[in-house]
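Please read the structure below before turning to the comments.
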Amino acid sequence: MIRDERIPSEELRRIDEEIRSGWTTGGAVDFEEAIAYHESLPARKQFADVLESADKPLLQPRAGVPRLDDQIELLEYLHEEGKADLLPTTIDSYTRDNEYGKAEEGLEKARKTGDDTLNGFPAVNHGIEGCRELIEAIDAPIEVRHGTPDARLLAAITFAGGFQSFEGGPISYNIPYTKRHGLEETIEKWQFVDRLAGAYTERGVRINREPFGPLTGTLVPPSIAIAIMIVEGQLAATQGVRSITLGYGQVGNVVQDVAALNALQKLGDEYLPDEVCVTTVFHEWMGGFPPDEARANGVIGLGGMTAAIAKPDKVITKSPQEFQGVPTKEANSAGLRTTRQVIDMAIEQKIDIDGIAEEQDLIERETRCLMDSIFEHGDGDIVRGTLEAFDSGALDVPFAPSDSARGAVLPARDDDGRVRIFEWADLEMDDEIKEIHRARLSQRADTEGRDQSFRMVADDVDAISDGKLIGRPQGDA
Amino acid sequence: MVVNTMSRTVVLGVIGSDAHVVGITILEQALSAAGFDVVNLGVQSSQKEFADAAVEHSAEAVLVSSLYGHAEQDCQGFHEVLEEANVDALTYIGGNLAVGQDDFDQTRATFEELGFDRVFDSETDPEEAIAALERDLNITTTESEQVTVTS
Amino acid sequence: MIRDERIPSEELRRIDEEIRSGWTTGGAVDFEEAIAYHESLPARKQFADVLESADKPLLQPRAGVPRLDDQIELLEYLHEEGKADLLPTTIDSYTRDNEYGKAEEGLEKARKTGDDTLNGFPAVNHGIEGCRELIEAIDAPIEVRHGTPDARLLAAITFAGGFQSFEGGPISYNIPYTKRHGLEETIEKWQFVDRLAGAYTERGVRINREPFGPLTGTLVPPSIAIAIMIVEGQLAATQGVRSITLGYGQVGNVVQDVAALNALQKLGDEYLPDEVCVTTVFHEWMGGFPPDEARANGVIGLGGMTAAIAKPDKVITKSPQEFQGVPTKEANSAGLRTTRQVIDMAIEQKIDIDGIAEEQDLIERETRCLMDSIFEHGDGDIVRGTLEAFDSGALDVPFAPSDSARGAVLPARDDDGRVRIFEWADLEMDDEIKEIHRARLSQRADTEGRDQSFRMVADDVDAISDGKLIGRPQGDA
Amino acid sequence: MVVNTMSRTVVLGVIGSDAHVVGITILEQALSAAGFDVVNLGVQSSQKEFADAAVEHSAEAVLVSSLYGHAEQDCQGFHEVLEEANVDALTYIGGNLAVGQDDFDQTRATFEELGFDRVFDSETDPEEAIAALERDLNITTTESEQVTVTS
């Protein structure tokens, strides 16, 4: 059974070779040459440095199309018109499923017809050369964003291709994204990804790693997200990663969001080794959006405002077309600029909101409970602990589609709109904390004159898309 | 078709490699509350899994969900698979069925052509789906039985 | 010389008759019949009641087109698609200049060509019948919004036409809107308007009056705006108005805006007679907007957020097309819905920001200084005091185009983005308060490493349209 | 035209019943800082007031501002009035020149046809107007003289 241990060099090399034989483009990877390539990149394309030295939140959208020239055009547009500070390259679904053959077909069809037959950029198929062309064309750092359970070949090729930031992790790209991949399997695979990033890091090329904080994007209680971020951060650190960006998805309550981002940074610094530079990324609301661009802009505005107060290192923006489907580049840029305007108008203001310290304290206590439980489950080993804790339900994620998580814990908002836990299932938590949640939720139930039930959860899931934060009973119900 | 107020089994799932589970979680709950027996296959279900479940549970309706934009590819040949398995159930599909910013009328036509009895967009409330099912399955709900999810 | 005294009944009748002879449609006004008409309107069209009994901020856009049918269509759209709670009818510029003949020409041209040859709805020309058709067609209360120094005939016709709310006042529709109208002249004319509203009020038809709080819309220090609101509120109260909505235009600093709205309500309640029901209206940013709809949505988002925290009774929304010109109805609705989404997501949250009480205290002290000065200038009479205070410069408005105000006082933002006074000119203020402003501004000058100068003011004027709150020196300056 | 580095008087004002004063306040300040003698007529100035001031001060340029959307009506016959008064100055107009959401190229054409030498939109920085004036008036600025408003 695997443990939280660094992959030995020979093992790294062995897997690397095996992996790279999985698709023709894998053969072209040459580690030494890749190091030299990264060293040749100008300072403004060095992802970790740019992110870590920024003096205000940097903005990054989501974007990926199949063809290289289209991807270049798209990123240039988002950089110039959207004023994105950092750029993404979102990978297509076939690549995420390691179906490089199908991706190739799609790419060829895209090249022939001009249609976007894939929902992202098949970086493996484009190979090192394609990746580098992209890196060279765009005057800003670019991150690989995907959702791939087994991202080993993708990492090998994109790292060699000049990308210096890579989203995901064994839990965060498993539990929300796939049904059948075992957690042990994805941890093992991501240990390789992290080890590879660590190998670059040792040579002075600090590959930034970004666990995916929002998880299922749907009312995830902050402490659950933060605990998983710490676990993934720790796993990456063990493999030698030194630049780690922990993520968090907005829940929409300003106090809770600011408290959570503070706690994320604080606990990240505390739990992760000193050698690691920990930064944070705030995702604008990741749940269901309103089916109306004007209202969506309101959601984005609240996200920007929260970012201005919490000051994370990076903000991943949403577009007003989030509800409908993949946004046009214009809408994507609009989301960036709306966010930028709000942040820049609010960030120089001193906005200290009461109750943030208390909420942060609660989040920290909860997170520590979960972390203690993980360490206990694993007898001190975080890999073992994570596996056992998910298995026992001591660690869980709401709305998890994966067979590796119970998905039995259910969140609901309290009367102030903060996300609390309504159904604990087997989640490990101090009784005192459970009592706090219970009290807050029963206060809401009183306000609404109804019992706590799944209906409340369902109403909360829909609330923001329906124009409110809290899913209060409507009409004469 | 005869009026049927008893056992009404529906199969529900997300097709393809799509993992968006929230919608079907809400749907499952609403359908159960409305009195249906729901067989929830979860996310990333194959055409065959839908067909097998429909046979096994003698489902009266097969409800397919897709959010991630690949519904059209994922549903190619679906109705042939159902036919081969001798499934004679209603088929609905719903969610976010096209990639990008599309016109829904066109999307609806595409999926009707593929054989779906009804096509729903992502603004669909569970209530609408339930009402359609009750109409299509010719279910009469007596006053006393009427269970709405708002209750 | 006029004083703050109620116009006697016979005088009211005399002026009313004279005024109504100014344009053909004036003849149709019959006060008794008008009272009966107002009484016949359903509760949901009774402006004051709807506004005063609302349990959350009501939203109102700006809108006016020349033709009646177009105006009906426009307001229906804003009501249904924009979900506006209260509706406006913005009057055209010729009517504001009392050029009813030119307005008639424009209206006829509009009817013939279908073009919008006027920039608003010429209510005088439409007459009572036209107004009532509008009132009947729209299922919500409607306010008259204009900018007319001499609005007597407009009031006579729109009140009889069924409108129950009327924006403006002798200072707020003079100083920012016109160069040559004397203040004494406009006060006298608005005494009539208020007296007429008072006459309706005495008969149970409470006409709501709304002084225009934003004034020049450009960095107006809160205390100056509030003092003028109190003066106009008092003048209206003297004439028998009992429903008064005091206005305030967002400056963009959340703490200062919330403090100002609190102070506005508190001082309004304190200074105005008990019989008056005082409500407040918050105008989303009234200064220069960014030339980009996405960024404009950010400005609107910050406005909505501020409203959610301050909870005024009404919010006047902006559209993302504010920079460019009169917005399309779609853009106008979009501004409403973006605002609604932000307010509804944030309003149930407890957001108590530090420093609001202190800022409110400062605003109140400043306002009291100005009010004391006005009372002193007028030997206890607020009309005389206002005239003398403007004359001496003890009361002033920044960027005032009017010859009746010095326009010598100059605002600038401090390091936190709050609007302070950089050039006091002859504005009456305690030295201690001046010292506070001076210290705050010199802190900013230090941060920026430059002297306080008009350049700073100019930079602040442009800042929001350039994407920031504070006009910091750009680039290598 | 000869190179002229001395007295350069410009007349500035807002035409018609327009009261938007902030733009010309900023412009006045920037023009003065750049060394121009500015005669600021303020808001709500008539065609005749512009012409009279241009004559009285022998202005080299007349700068008209309009924000409220009635510029076209307000400027009808303006150049005839200037001509009658024997004003031979450059004429610029700037601000928000059309009602509603218009296309600027069309707006520019409209005002050039009315006789304006240059037409500026409301995104114009004072610096641009100054640069244009210096070019059109053939003003050479020596290094030492160069005054920019950012200083």
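Per-chain residue numbering starts at 1, and chain names A, B, C and D are given in the order in which the chains are listed.
By definition in this document, a residue touches a chain if its C-beta (ideal position, glycine included) is under 8 Å from a C-beta of that chain, and two chains touch if they have at least 3 such contacts.
Fair warning: this is a prediction, and the values are worked out from it, not measured in the lab.
Chains shared as neighbours by chain C and chain D?
Touching chain C and chain D alike: no chains returned.
Approximately how many whole Å separate the CA-defined centres of chain A and chain D?
The computed centroid separation for chain A versus chain D comes out at 53 Å.
Return the distance between the CA-based centres of chain A and chain C, expressed in whole Å.
Here the centre of chain C sits 45 Å away from the centre of chain A.
Using mean C-alpha positions as chain centres, tell me how far chain B is from chain D in Å, no decimals.
Going by mean C-alpha positions, chain B sits 67 Å from chain D.
Could you say which residues in chain A touch two or more other chains, in rising order?
In chain A, nothing touches at least two other chains.
Viewed as a graph of touching chains, is the assembly arranged as a line, ring, star, complete set, or other?
Shape = line; chains linked end to end, path left open.
Using the contact rule from the top, write out all pairs of chains that touch.
A-B, A-C, C-D
What part of chain C is in contact with chain D in the complex they form?
93, 96-97, 116, 119, 176-180, 216, 218, 287-288, 291, 321, 323-328, 331, 399-401, 407, 454-455, 458, 461-462, 473-474, 477
Would you mind writing out the residues of chain B in touch with chain A in their complex?
Where chain B meets chain A, its residues are 14, 17, 19-22, 25-26, 29-30, 42-44, 68-70, 96, 98-102, 122-123, 149-150.
Taking the complex as given, what residues does chain C use to touch chain A?
It comes out as residues 252-255, 290, 292-302, 304-305, 333-342, 344-346, 348-355, 415-417, 464, 467-470.
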